[in-house]
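First the structure, which I've put down as C-alpha cells, then a few questions once you've had a look.
Chains: A, B, C and D, in written order; residue numbering restarts at 1 for each.
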Amino acid sequence: MKTLNVGLVGYGFMGKAHSNAFAQVNHFFNLEHQVKLKSVCGRTKEKAETFAKSWGYESTETDWRELIKRTDIDIIDICTPNDSHAEIAEAAAKAGKMILCEKPLALNGAQGMEMVKTVEKAGVPNMVWYNYRRIPAVTFAKQLIDEGRLGRIFHYRAKFLQDWTINPDLPQGGAALWRLDVGAAGSGVTGDLLAHCIDTALWLNGDMKNVTAITETFVKERMHNLTGKVEKVGIDDACSFLSVFDNGSLGNFESTRYARGHKALYTFEINGENASISWDLHDLHRLQWFDHNDQGNLRGWRSIHVTDSDHPYMKQWWVPGLSIGYEHSFIHQVADFIQGVETGKPAYPTFRDAQRTQRVCDAVLTSGKDHQWHNVAKD
Amino acid sequence: MKTLNVGLVGYGFMGKAHSNAFAQVNHFFNLEHQVKLKSVCGRTKEKAETFAKSWGYESTETDWRELIKRTDIDIIDICTPNDSHAEIAEAAAKAGKMILCEKPLALNGAQGMEMVKTVEKAGVPNMVWYNYRRIPAVTFAKQLIDEGRLGRIFHYRAKFLQDWTINPDLPQGGAALWRLDVGAAGSGVTGDLLAHCIDTALWLNGDMKNVTAITETFVKERMHNLTGKVEKVGIDDACSFLSVFDNGSLGNFESTRYARGHKALYTFEINGENASISWDLHDLHRLQWFDHNDQGNLRGWRSIHVTDSDHPYMKQWWVPGLSIGYEHSFIHQVADFIQGVETGKPAYPTFRDAQRTQRVCDAVLTSGKDHQWHNVAKD
Amino acid sequence: MKTLNVGLVGYGFMGKAHSNAFAQVNHFFNLEHQVKLKSVCGRTKEKAETFAKSWGYESTETDWRELIKRTDIDIIDICTPNDSHAEIAEAAAKAGKMILCEKPLALNGAQGMEMVKTVEKAGVPNMVWYNYRRIPAVTFAKQLIDEGRLGRIFHYRAKFLQDWTINPDLPQGGAALWRLDVGAAGSGVTGDLLAHCIDTALWLNGDMKNVTAITETFVKERMHNLTGKVEKVGIDDACSFLSVFDNGSLGNFESTRYARGHKALYTFEINGENASISWDLHDLHRLQWFDHNDQGNLRGWRSIHVTDSDHPYMKQWWVPGLSIGYEHSFIHQVADFIQGVETGKPAYPTFRDAQRTQRVCDAVLTSGKDHQWHNVAKD
Amino acid sequence: MKTLNVGLVGYGFMGKAHSNAFAQVNHFFNLEHQVKLKSVCGRTKEKAETFAKSWGYESTETDWRELIKRTDIDIIDICTPNDSHAEIAEAAAKAGKMILCEKPLALNGAQGMEMVKTVEKAGVPNMVWYNYRRIPAVTFAKQLIDEGRLGRIFHYRAKFLQDWTINPDLPQGGAALWRLDVGAAGSGVTGDLLAHCIDTALWLNGDMKNVTAITETFVKERMHNLTGKVEKVGIDDACSFLSVFDNGSLGNFESTRYARGHKALYTFEINGENASISWDLHDLHRLQWFDHNDQGNLRGWRSIHVTDSDHPYMKQWWVPGLSIGYEHSFIHQVADFIQGVETGKPAYPTFRDAQRTQRVCDAVLTSGKDHQWHNVAKD
C-alpha cells in the first residue's frame, strides 16, 4: 500500500478538522493510499508539539518554508488565515507538492488568479476545502439536479446566519479572532460565510452574471488584540446580495453574524419547474424534497433522512437512521481527493473552481461599496 | 328552500362551537335546507338570553322538556354534560326529533345501548359529535386508507395529551369544571379525550378485540364547587391502554391531563405494509404521509398542507395555503348531517357507531381497575 | 343596539372573506354595533343575487355608484381589482361613507396620495385590508416588539412564495386571473404579495430609507382572457429587494409565484440584539421566539402555539391548543374597525398608513427597472 | 503516557463502532491513558485480518479463549451476538481483564445476574454499551433532571420504531441477520431496541415496579440462513408495554420493526410538574425543552441545538451549530470508561446497572406471554 504524507500548516480549528479527516479516511474508505500524518507546522513550537502528539503527527516545524522543503512530504495542507494562503500555496506548488487550501482561496480574485496559474503551471493536484459539498444531503442534491429532475430553475436562495459577534466588547484580531480583522481575513461574512453559499450555488446552479449587494458593519470599532487599541472594524458584519444566474434564475443571498438565535444556519433552496430542494446545516442529515410529479393531493415536502446506503457516502458509515455530522464532510473530501489522485480525475473544487467564488465575492464587495450592479468577472 | 330548525340544549363551550356550525354551514355549503337557530335552552334564563342574542336564536327555554315539546323544532342538539345525554336523547327521540348529541354518547355501554335502541326504534336521524373525523386532514387519511394504499396494517398509535389540571388547587365540578366531577362526566380522560382517539381509530382501522389498561388519578382530592368541600376525585387523570384490532394490528393509546407542555396534542399514526400516515391536532391542517412506493433514496415523510381544492371539504373554503381551524370540523359535520337527511344516507357516526367507542371505553376502564385484559363487547 | 350597514363592492374571493368577517364579528366580539349585510354590488345581477342569498345580503346593486348613493349604507367595502379602488373610494368618501378598501390601496403612490387626501378631507373612517396584522401570532409579535424585548434591530427578512403561475398555458386577465393582467393589477407579486410583507415590516420595524430591487417576468406572453389573443405579460412574476430601514436594520424581501412547493409561504423574521421572532403563514398559529436572556445552555427557538386566552384575540375563540385560521384575521380587523369607530381611535392601517407601503412598492418597481438604489418617498 | 490495550471480540457493525471509538478517543479527550488497538478476534482469519488492517489492530486471533489468555491485553470488548456474552465475559473476568460488553448484557436476568456476580467477584472494571446515554442531548436531559427542574414526574414515554423486517422474504440467522434468530438473540425488539429505551428510562426516571405487555410476531416463518430451511420465527417483531415507576409515574413503551417510514426512531419524552423534555434519535443533536416557569404567553417547546461548549461533551468537538453524530456516543463512553479507571469512580452503566434492564425485559417478555401484570424483580 502506498502512502501519502501530509504536512499541515496551521493547527487551529481547521487544523483539527483536517487532521481528523486524514486520521479517519482509511478507516472508512477503501483506497490504494494510506494517509500518513507526517508533520505539522506552527509558529509556536510547544503548541505544535502538543497538537502533533494528540493527532499522531510524526514531527513538527515552525516555519512553513522548511516544511515545504522536506522531500518526505507529499501534500501541503494550508489551514492558516486567508492572508497567507497565496504565499504558501505558490511556494508549495513550485516545490511540486499537492496542495489542499482552506477556503476562501485568496483575499480577492486577482490574487486567486495568480494562485490558479501557479498551481496549473506546476501541474500539481490542488483542491480548496469547500467542505459543505460533501455533506451527504448536499451531494445528493447535486445528484438530483444533475439527473435533470428540477427542470428549468427559477430561484436559488441561500443564507448563512450566525450570532456570535453581537457583543460590542468582543475584540478583533489574534489567533482566535482573526476572522474579525480585515487585515488577516480580507473581508467579513462575505469571505467567511457567503463564500460557502456561493460555492454551493455555483456548483448546483452554474455561474452568476451580475449582482447588487448591501454590506454593513454594525459595530464600528473594537479593541484589537494585536495592538491593544480600539480600532476601526474593517470587515463586513452582514452582507446581502441579489443576483442573476447564467441560466436566468434569480439569486438571493444573505449572511450575517448578527442574527440572534442562529449558530450556523446555512440554508439553501432551489426552485425548479418540476421540483424543489432545500437544506439546512443545523439539521444537515436531512434533505427537503418537493416533487410536483407526485399525485396532486399527496404533494408535500418530503423530509429525507439521508442515512441510507444508497445515499452519497453513507454506505461507508453506519445503518439507516444513524446520522453522521459536520466533520465527516472533510473525511469525504479527502477520500475524493485521493481517489482523484489515483484515477487522474481531479476532485473538485480545484483552485480554478474555487476562483469562481472569488470573483463573485469581489463583485459583491464592490457593489456593497458603490451601490451599483456589477458583472461577475470570468477568468 | 326548506328550513331545519335547531333547538340547542346547553350553551357552554360546545354550545358555542355548534351554534357557529349552524350559523356558518349555509354560507359555505350548497344545501337544500337552510338551518335556523330557533331556540336555545339553558337553566339560567339570563344567560340563555345573552347567548341567544349573540348567536341569533329566536327564543330561549329553561327546561329542555319544553323545548322538546315544541313543534317548531326539527333538531335537538345536546350539549350538556355527559350524565344527561341519555335522558334528553330518549325524550327527543320519542318526540320524533332529529338528534345531535355531544360525545361521548353515554356514561357507559349499557346506557349507550339503550339510547341506540331508542333512536333506532324512533327512526330519527341521529349523530354524535366526534368532530375530529371532519378535520380535512383526518378525512383525507380515511380516504387514503379506503383506497387500500397502506396494505396490511401493523400498528395504530394515538395519544391525547393536555396539561391543564396539574395544579392541585384547581377545584372540581360545576359549570366550568364538570369534566373533573365523576358524577357529571362518568370518567376522566377516557370519556373526554380517549373517546376521540378511539372513535377515529375504529373509523380508520376497524374494531378492537381486546385491551389492557392502566388508569391513574394523580391528584386524589380536590375542592368540589358544588359542595364547597374537599372531596375524593373519582375520575381518571391519565389512562394508557394496549389493544389488538380485529385486523391483527396492535394499538397503543395514551391520554392524560398531566403532560406539561401540551395543550391539546391529539396525534395518531398508522403504519401499514406500504405506507404510513400521521396527524397532529396542534397542526391540524397537515397530514404526514410516508409512501414506501416512492423511489428508495427519495423516500421521506411528506408534510402535506391539506388546503387544496382536491382535499376533503377544502374547495368550500379559501385558496391553497390558507388554513382553516378547529371550528370548521363542526361545520363540516353539520353539512354532512344535512346531506344525510337530504339523501337518506345517514352521516356517521350515528349513535350505533358511537356506541362502539362506548364499549371500548368500558373495557378500558374495567381493565384499569382489575388489571386484566378484557374483550371489547360487540352489540 | 346600533347597526352598521355594509355595502360590499365585488363578490370574488375577497368579497367572500369580508362577508364572512361581517357575518361572524358579532358572534365572537362584544361590540356596541351590530353589523348588517345590507347590499352587495356586482356587475352581473344573477351572480350578485346568488352571492347575496348565500350570505344574507338584503339587496343587490349592479352599479357601485348607485350603492354609494343609498342612504341606508354606512360602510362601503371595496373588493374590486386594484384599478378601480381610487374611483370608488373617492366617490364613497365624498358621499360621507366609511370606507374599507382591499389592499393594495392604489395602483401607485401618486394615486394613493390622492385617495389619502380625499378620505382625510371627508373625515370618514377608513381602513385597508392588510389582514395579516390580525393573525394572532403576528399581533403578538407586534406586542413583543413594542415591549422593547428585542433591543436594537439588525435584520428583517420576509418572503412570500407561491407556485401557481408556473404553467405557461395559464391565461391572464378576466375575473379569475386579473392578478396576472397589469392593467387591472398595476403590478404582479409586488402589489399582490410583497405589499403584505412590506405592510407588516413597516408596522413591526418602522419606515424604510431606500431599496434596490430585481424584478423578473419568467413567462413573457400569455393568452389574454379579455382579448382572446396571446399578449405580453406586463406584471412582475418575481421580485426581490434589499433595503435599509430608518432604524439602521437591513431588509431582505422576496416574492414569487414560481417557487415550486409553496402555496402561500409568507414568512418573516426579525433579529434583535436580545431576541428574535419568526412566523410562517403556512402554520399561522405558531410564533417562533428566541430569547437570548434564557439560560445559556437552555436557549432554543420556542414554538409558541398562539392559542391561549392571553394571546391577542384568542380569548374570543376556543380553548388552548385549538387553532383558528386565515379567515379570522378579517373578523379581527372588522372588530377593531368597529371599536375604532366606537372609541374614536382609528384602527390601523388607515389609508395614510397603507400609503407608506405604496411608496415602498413604487421605489421597488422603479429600481427593478433602472437597477439603481432608490429612496422611499415620504408623504 | 500509559496505554490500555484492547482486545476486540467480533468485527461486525458494533466491532466497527467500538473500534472507531478506541481510535478517536485520544484525539479529542485529554486522558492519562492512550488506547491501543491490540488485537481483534473473529472466527474467520481472513476477515479478521482485513478488519485489523483497516483499523490498525496489531494482531488477530480466531479463538477468543486465546485472546483472553494473552497478557498484553487489558480490556476485552465483547461485540458478539447475545448468546455468547456470558461465556466470554465470565472467562475474561476470571482472567482479570477489564470488560466492555455489548448490550443487552445477557439473554435474560438469571444469566445476567451470574455475570454481575462474576465481574464483581473478580473486581474488574466493567461496562455495558448502552451508548445512547452519551448522546450529548440525552446526557443533557439527565443533567436537567438531576438539577430537579422537572419536579414531580407524571409520565415517561418512549418508542423505538424501525421498518426493516417487513418483507417476509427476508431470511433469519447467520452473521448479518442473527438479530432475527431467537437462538442467537434471545428475543427480538425487546432485547434489541426496547433494552435501549429501558436503560435510558431507568437512568432518567428510576426503577420500575411492574409492567403489562403485548408482543407480536407478524411474520411467523422465515427461511433460516444456517439451516437453509423455512423455520418458525421465535423473536418478537413488536412489543408494547405499560409500566408504573417507583416514583409513581406511568410508563408507555413501544418497539417494532414494522413501522413503515421509521429507520431508527428512538424517541423519549418525560413530563414533570414544572417542565418536560423530549428527544428523537433521528435528530439526535436537538433536545426539546418546555419550561412552565417561562412567562405564560411566551411558553413553548424550545428546540435546543445541543452543540454549544457548555453542553455535555461538546467542548471537545467543533463550534456551536456544527453537529456530531451517532458514532460519537461510543467515543464519549470510552472516554468516560477510561476516566472511571483513572479516578476509581466507575463509569455507568456497569454490569449491575445494565442488569436492571435485563429484569425489566424479563417481566415484559413474560407478560407478553401470559397476559398478566408482572412485578420487576430487583437483585
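To be clear about the criterion, a contact is a pair of C-beta atoms (placed from the backbone, for glycine too) under 8 Å apart; a residue touches a chain by one contact, two chains touch by 3 or more.
Model, not experiment: these values are computed from the prediction.
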Reference interface B-C: repeating pair among B-D, A-D or C-D with over half of contacts shared: A-D
Which of A-B and A-D has more C-beta contact pairs: A-D
Where subunit A and subunit C are represented by their mean Cα positions, the distance between them in whole Å: 42
Distance between the centres, which are taken as Cα means, of subunit D and subunit A, whole angstrom: 36
CA centroid of subunit A to CA centroid of subunit B, Å: 55
Contacts with two or more other chains, residues of subunit C listed in rising order: 262, 299, 301, 305, 308
Subunit B contact footprint on subunit A (complex, rising order): 140, 287, 289, 291, 294, 296-305, 308, 310-311
Subunit D contact footprint on subunit B (complex, rising order): 154-155, 157, 159, 161, 163, 166, 212-214, 216, 218, 238, 240-242, 244, 248, 250, 252, 254, 256, 258-262, 271-276, 290, 292, 299, 301, 371-373
Subunit D residues touching subunit A - in the complex, by the definition given at the top: 13, 17, 19-20, 23-24, 26-27, 54-55, 162, 164, 262-265, 281-286, 305, 307-308, 317-328
